[in-house]
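Labels run A, B, C, D and E following the written order; every chain starts at residue 1.
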């Protein structure tokens, strides 16, 4: 991965399909927050879907082709790095690029498929890395609110930190980078067990039963360890953990609603933005920061 | 200039050094080396853009070394050295050819020298080593003179040549070097002028067994030049004297420079820059690249 | 020069693919060859006689034997040559079997190659010089590094044979890991009960000089003539005055500042301490890092209570130098620390098992302390977190071992056994408890070993589940262990009260550093390399340095003890003679030509090269040259290749000889 | 594949293990033994969510997740009857959307998926909410250079 | 060689302790490899001078292999580490002056790697056959050269001199 040089903070941006539909609040809050911190994102022109899980589970070559098309675009458009906020996109892009550059036969196969030559290794960053590159000091400096009454369970999900030898940014079993970002906002973090457990996102539609079970376990563990909100960095996880709570309530009658925020939204809150600006009102489970204060103080 | 002369005279008068190795003016645009033991002679010392020679080579010469030994003690040698020549002295110190305490380095803030005697000093006539030079102030010295001045800008022709050669295929490169080495007449001027070729008996003079064919045919020339370059790999400080000395104009420093680039690339090492850094030859790092080994 | 060439058929081994008569015939025609013959078995008595007779009859000066590898019969043929009056170093072997007949099928190609190999050997032998073996004296004293069971055993054996021993131990007491164990498999006898008498014997033995709290910092020299520098760390207690009453320990006010490493951090210890009650020597150590005196110059309680005046805050580290003839390395092992991976650590951590995060997830040595009658819980099985008795306990084997993804590919060998033992001890102490063991394979090779594991299963009803555990997490004070029973093909989840991880054995942290100090090679893990995996298992490749115990690879107690006794006998064999004979393959400098750059000195792996001053008539140094100590030089020749002016030659492999071989290609 | 020494750590950590008919390590075992048919018709590869937990924790550096990808690919090529039809339908529907538009189009995806599975009533509960909140676009997001994406599909197609 | 077909001539400089023993193991295991390579044994890979390689090329070798103990496994502890640096530089130098990289190859082969020895020899032989005869080097003009210039008769006096010097 290439280190960034100089003070000019510009990043390429690969939104991914969710970002323009079911996770538009993630996109919205990301752009708002990053802009507020003085960093700009150049969206990749004419990007296409990375193929997601469906790609690599059925056709390896297709999956690499779809992902590498975007890497190719980044190269052609002169970008040194791209930010992929969706953990699945991030994982696909970084894995495909790794495979391409480390296996000459795959490289020639993909080069033939896309009729191009890959020479430049594009830096692919997730949102956690983006915040780290910007510097946590920046968040602290621009903080307008102390979110000190939030006890946050940081949920990484499966694809963000794996495989650790390729993503190379945090420990695969006990990652801590999201905690450091959350702590920069003034919120507290809780130590819990299911940080890197899978929520089953790939089967969100086809096997909802599995997804509901897995997500329920994750939320319960967070609550058991004293969290009052969960933070995620992946639209897939969010869909499962937020929207699926509707089904969860039917399957598990005792289930209590539990707010799930995007990391960018939490940072946005600390920078003084309101729920509407950040798109938090688009969530299935309502979350109002001020209500949270009242709830906490009353309780 | 007077400062230099006075200083040198004092050194000799106070018997702090046995001799001063320096430059004297021959014509307006030409200097030559001089070894001074008589304080009166220090008035001949000069320092300017025409001081081309790397005087470090004299530090290991037996006749000059004999000046250091008196009946009852060892005395120092003073040397007038450009910052780049100091690199050679550092390498010599590291290779135990002279102790740091036995050499008194008089150096200058340097802004480059001409490529050959008789040229005017400007960007077009700048010596090749000065173009890429990063040491305008000496890294080690006992006395320093002169003010810092700008070095004229100039294109790096030798780097271009290296890049050009890199692009050729093996066969073409081989032909290039074969034809260059073919010119060699085995006069060994390159060896005589190199400060790091201080061996008492050069490998090429070893007769039984004969390490390098002594005839100056293609094959003998090829071996000699490869062995010369290899023996200097990781040691050459890039003074470029071999180039200047070669009567047949073989671009000897081209290989030296290419190897220096490799050395920097592979081992992050540059010869003659620090007395503390272990030498490249004679040391190893367990993390050295294993790439070429099956 | 008259050369004889002898081509061996090796029965049919060579002659099947090499036309031996043709090779012999060809050699006959080469310049310098006086006599050439082929024979069915050159190494047999008649074969050797053939060589001897030919040497005498034809007045040969040198011989070439085309036969098997020099590693097989070089010595045989050299001896034959010597008995016929030829210097043994004027014998060259052309390897026609291992390097030719056995590896090629085509008779024509193999014969051609054989001819060339013989020709190369002839050219080399022409330039060989007669050499004589070098004799060096032997210092009859052994340095034993490490005072665990292996070091103790080796020291006692050597001392009982009547030779002096210097035993160096890094910790304040000898005893090693064995002193930490509760009971030992497969007999379940108390570890300390069998060990402590040995420790005391070492302490009282007149031939053993015991240096505890000391480290070897430098080793120079060579077999028979080592010189070791040992740093004796400051104890801050005068050993001669201390009576071991322990009053300073009981009165020390700094009780809970540092973890007790002997108790595997399950308890605290005062700033002045002995590692454990049976420590040898029974002399405390003051821990400078926590002692209040070193913090703010106050306290001094120990000084007040010590009526012998043994406390010495000003004591400094001291250096001792000893002449040594042989070295026994017995530095043992440590357990792989399975916490999170750090950028510096060579191995990856086991974040998924939560070691370091959950207090009741412990490693094998911690369990030993918990189960030990002298341990922090006085032998009662209690959880470190809340002191409750665990009713359900899970043991996990192969944590780190056989796990290339974490950096350890080998089997640690003892974990199957000690896990069975620990599960058994648990069941003996907690009768209503349940014990589970997750394993991959049970490796219980050894006398009564497999029976022991079966006993755990059959009599003590320990439940063995075949499969690795993927994750441990905590839920309401229980530890959820997620595994798979691969035999039943079923997922398993156990809500345990305590988890014991049988973590891998790895070399001590400073194993590579010590190896570099002594000059012995080690493998990628840091275990020391033996000279030959089968035939020289207790010798290192450096002559005079022997290896005992787990520093060479994971071992249990009986193996370590056996190995220790083997090294002792190696040392004693060495001392049986007053001088040593060495191969004369050593390097020599031509001082007139040496330019004194000392690159040779830098590259010499043995420090055999010294600076020699050459002075003029007035006694003023005019030149420094390299000088090679023939006794230290091991003959690798790295200096010869490094020397730019070719002023060094390696006897037996000099450049002229090698050039001759190249020229004969 | 010979890297797998059947320790079962993959199965132990698999979040979806409880829903699978045979353990993931057994799928590897069957293939090690040459019992391809048994392995290919299992539901396990299809239920695998590709979360990489197994690959991350495998002690012997065997990339089981990638292996599962390959098993599925082979199963599709061989035309083995897929146990988890819904999951396959979802993947196909998803890829069809990309093929058509270059990006995923959720309304189209769900519509196609429902056509394929005849599972018409699922998710009707969440869809209106999503529409309401403006999350589901009425129109698909088409990219400009749809041809290039279609080419990728065409060139890598196994049929 | 009397054969019609060109057969490459390859020299392997190997250390006594690891690679030579590995080659022995290849023999005792009866592994097969091409017969073109002749082994020259030295004590340690650290003791191989780069000039040996030039000499081998001068004497008609088409390829050279240098092989020693694996790092950290050297019988002499560090000889191979020094060798590694030396060969890395020399290889780069030869590459720059136009000698194909595969003409000179390197490997670490331990005493237990008989199979690797056979594989490496097979690979090197294949590579050298692919490169063809080393004509570029062999065709270099070398007039006045006697058959064994290293040991010219005229040097006899020098032998005596050198011996005197070396033996003090």
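Structural remarks
Simple rule for what comes next: a contact is a pair of C-beta atoms (placed from the backbone, for glycine too) under 8 Å apart; a residue touches a chain by one contact, two chains touch by 3 or more.
Since this is a predicted model, take the numbers as computed values, not measurements.
Counting hops only between chains that touch, chain A reaches chain B in a minimum of 2.
Closest chain to the protein centre (all Cα atoms averaged), using per-chain Cα means: C. Comparing the chain pairs A-D and A-C, the larger number of C-beta pairs in contact belongs to A-D. Distance between chain B and chain D, defined via averaged C-alpha coordinates, is recorded as 67 Å.
As a whole-number value, the distance joining the C-alpha centres of chain A and chain C reads 49 Å. Our note on geometry: chain C versus chain E, Cα centroid distance of 33 Å, whole angstroms. Shown for chain E are the residues in touch with two or more other chains, namely 50, 72, 78, 82, 86, 150-151, 162. Listed for chain C are residues 352, 592-593, 603, 642, 655-656, 659-660, each touching two or more other chains.
In chain B, 203, 208-209, 211, 281-282 are the positions where the chain touches two or more neighbouring chains simultaneously.
Interfaces, counted as pairs of touching chains, are A-C, A-D, B-C, B-E, C-D, C-E.
Touching chain C in their complex are the following residues of chain A: 171-174, 191, 193-194, 221, 224.
Note for the complex: chain C touches chain D at residues 352, 398, 402-406, 440, 466-471, 482-486, 489-492.
Contact residues on chain D toward chain C in their complex (touch as defined above): 5-14, 17-18, 22-23, 25-26, 53, 57-61. Put simply, chain E touches chain C in their complex at residues 1-3, 7, 9, 11, 17, 20-21, 23-28, 30-35, 38-44, 46-50, 52, 55-56, 59-61, 72-79, 82-83, 86, 112, 118, 148, 150-151, 162, 165-166, 168.
By the touch criterion stated above, chain A contacts chain D in their complex at residues 17-18, 20-24, 46-49, 51-62, 65-66, 69, 91, 113-114, 158-159, 162-164, 172-173, 196-198, 200-203, 205-208, 210, 214, 243, 246-247, 281-282, 284.
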